[in-house]
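Heads up, the next two complexes both have chain A, just with different partners, chain B and then chain C.
On to the complex of A and B.
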């Protein structure tokens, strides 16, 4: 069994003049939880659609579980679970009917795994899917996916629109369920606190290109928040190395920089700074700063 | 597949039951008003159109909801082959249609068969099946419409149009429907895949998609010509709608009174008696020989081409022709009880052809009715409740109408005019032999007008052949004047060529737009049809100008097609095939190529980079 679950080589997808996936080279190892983050339009959903064979790539290649994504067979799909943000399940069917259907279709169905996951939710077998709350539907969907005992589970913003309680229940289930053991998870989300809790590997995509792949803590360590008291005018932003974000609050300059060591303090001193501090940032701040650097923002008043 | 079917059936079963109930109530209402088994073709067409629309709406709703990106992914990303998933969904949709359409129609038919004395023939058993197939065809077209690329997803409707316009009848029509549904099923199954918007990959799938698409484009081109014709009418120079039509043309001739037309036809005659005949025509009645039979009925056809029932107001019996018995079946108009069978002669033998009532003739008693069946005119005699043959045209001909002329009765068949002695018809009920027979000097399908004037020693007959002068089917319009003596000698008095009024460019528009598509549509629509006596034409060859125009369009399509395929991401064999297709099919092939094979994304990328360099 290969250790690679997903591999793309020079993968491109173009919508007219727009490049949704930009020469993407990606290798994801088996057995981890890989989080994919990126702003809207970064190409995450397009990537999933290409990987699952629902969208042809413009060029390049993509393999899932060792199979060319354009030639996935039913038995390959059995090994890949997919949960999307809408939790699209047939609303006119009862929970029991949907479960029975899935049980018959998936040869490796694990009833204990399903019972374990669904046990975290107040879902009754006789309820129609349309009668479930969004959180219950998400839990039911997760239970169905984990009961398939997939080798690869793709979660595309599964907690979108869930309240805090439902979100936590979903994550707890995913993290602590025995059913998820041995399963490689691709988790796409905009919720950094979720990613911080569950992800082993953080993949950042921007404009269809891969910008980072590392453990979340490693990425967070690359981003540092510097505070400098510069009596006169601060340095030109274009000259500040690794600058992600710049703010001036109460006459004090705040710089969010990427991949700058202690040398950055020397740079600030050279620019006239008198008092200099630096501090670590949260993953949320680091990723947001990283993704916001190329985005146009309204000019502060 | 079974699971998908069950799940989808759960979704639609309640709606199907409600629809079936409403449908049944509606049918029950209409069955109280009329005999639904004896309706003309247009009623069946309207009803069938409604069923097809129901099918289309169901297909669009079902597939439209699944076709949304996340729903589609959730549906197809499972360890079941896409075709099995498709069949599961389609079986559920078809079952819903069966319950909603076929069952109520079947129940209505059963009520008619066992609950009333109305005629129910074998042909009526096909009606629920045909209704179900129409709805299923519409359903599959609706499914395909939501599945395939929007640029050509409507082409499934072409196969519905085939069902609507096919000339086949009875069981052959059901075969046509089955073929159309099978074609649509192949189209749907080919498009039912994770990336349904992508152009077809396999050769078979490409052909199955391209043929209806090219036909659809061809029909749109023809429709475009019709829109142009509307503009022509509005502009005021359309020959049919001009206040004064072109002189010497067929429109002018058709607008004339019978007398003027006959005089115009004889104007060029050089026979010495011509001036005398013109004078007699000016003084005599000019009789128009109408063809009362609009459409010759076909045995076991589901609809009636012409009315096949009549009322005997004296006996208070409603008689309806049965295709199974080939006799009339009666119902008492007072209480709806059966009134027995009515055949030909004393022993009530079956008719050889389907009989249609054609009103009364001079000399008939109250309640009597004239019936036409094949080559024979029968008389229904109310007093004796019997049907007797009265006159017959030549074997193999079809009697199309009769016109009383003085003391005679003139009959028109698809090949000749017959004159019978009216006195013999009035006296007694024995068959009467024709006094004169004059062969029609042209094809029956071309004949637009036929008139007759009584002379002292015979008749003058005028035939105007311009029925299809506006399209490519008909002969060059002309008028022929014949004289027949009492002894039966026929003389050609004059032949007048009429102006075509419409240019060849207009008349041959359906041909030069794409000769290949014209031939295909003509062949497909006529398959297993019964052309009937009105469908014989003396079609002239296609004019050289139209051939040149078609060839020019084919050449242009070939060049444009070659240019287009060079910008498509296609293997060489496909490029060659598409280019040849453009050459053979012409403009529809070229448009089909542009719609079905999108520009490659790599080519778009190159263009984009070049534009921004």
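On to the complex of A and C.
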């Protein structure tokens, strides 16, 4: 069995003049929880459509579970589970009926896995899907996917719209149930709090390109918040190395910078700064600062 | 027979301190204050991960760091236990690190223009918590 569950090589997808996937080289290893973060339009949905063979690439190659994405057979698709935020299930059907339908479809169905996961939720077989709460529907979807015993489970914003309790239950099941053991997880989300809890690997996509792949904390450590008192005017934003965000608060300058060492202090001093401090930031601040770096930073009075 | 001791620690997300660091600091503090005695068994990797709702690999990293530093020891097939207290670092290295910590503290006192006597009082209060550790 290969150690790599997803691989792309110089993958491109062009829509007219726009490059939705931009020379993407991605290698995702088996057994980890991979989080993919990116603004809307970053190319995540396009990437998954290509990987699962629903959309042809413009150029380059893509493999999932060792198979060429353009040549996936039904038995390959059976090894891949998918849960998205809409949790679309036929509302008029009962839980029991949907379960029976799924069980017939998948040769690898594990009833113990299904029972283990659904057991965390107060869902009864006789209930109609439309009667379930959002959290229960999410749990039901997860149970159905994990019962398939997939090698790869792709989740696209699965906890969006769920209350705190339901979110917690969902993550608990994903990380700690026996049913999920041995499964490689791809988790697409904007919720950094969740990603901080669950991800082994943080992938940042932006405009179809890969911007980062590393353990989440390694990325967080690359971003530093500097505070400096610079009399008169601070340096032109365009001249500040690694600048992600700049703010002036109560006359003091705050800089969020990427990949700058301690010698950033020397740069600030050369700009006339006195009283320089720096502090680490949270993962949330690091990622959002990175993704928002091209937006104009508001300059307070 | 040793049973797993409860480890009532919290972690927060959205904090500049990574979760691994939070766990390492929390466990070290509890050992230093005597709340966790030598020989106490720690929760399993899966157990603590479930308690905190985090990835088990994060717990494994924290436990690995604590073991490397000598705070915890692994007993084959049984789990992780608080190690007996023994000096982990050489005397010169301890002195060097202590100097660094003292310098950092003094610089902060200067930077804050904090009255020295009040700074000492705060230091005493903070260290008093370690003195409660039973011999």
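Heads up, the rule we're going with is that the second predicted complex is superposed on the first by the 294 of 301 C-alpha atoms of A that agree within 3 Å, B and C clash if a C-alpha of one lies under 4 Å from a C-alpha of the other, contacts with A are read in each partner's own complex, and residues count from 1 in each chain.
As a working rule, a residue touches a chain if its C-beta (ideal position, glycine included) is under 8 Å from a C-beta of that chain, and two chains touch if they have at least 3 such contacts.
Please read all numbers here as calculations on a predicted model, not as lab measurements.
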Quiz prompt | Touching partner for A:247 - first (chain B), second (chain C), both, neither | solution = neither
Quiz item: Between chain B (first) and chain C (second), which does A:198 come into contact with in this model arrangement: first, second, both, or neither?
Solution: second
Exercise. Check whether A:283 is in contact with chain B, with chain C, with both or with neither, and answer first, second, both or neither.
Key: second
Quiz item: Does chain A have more residues touched by chain B or by chain C?
Solution: B
Exercise. Using the touch definition from the top, say if A:97 reaches chain B (first), chain C (second), both or neither.
Key: first
Quiz prompt | Touching partner for A:168 - first (chain B), second (chain C), both, neither | solution = second
Quiz item: Given the touch rule stated above, what does A:111 touch, chain B (first), chain C (second), both, or neither?
Solution: neither
Self-check item: Common interface positions of chain A, toward chain B and toward chain C
Solution: none
Quiz prompt | Residues of chain A touching chain C in the complex | solution = 33, 168, 171-172, 175-176, 192-193, 196-200, 217, 220, 279-284
Quiz item: In their shared complex, at which residues does chain A touch chain B?
Solution: 13-14, 16-17, 19, 49, 52-56, 58-59, 74-75, 77-78, 80, 82, 84-86, 88-90, 92-93, 97-98, 101, 104-107
Quiz item: Inside the complex, what are the residues of chain C that reach chain A?
Solution: 13-20, 46, 49-50, 53-57
Self-check item: chain B residues touching chain A - in the complex, by the definition given at the top
Solution: 3-4, 6-7, 10-11, 69-74, 76-81, 194-195, 198, 601-602, 604-605, 608
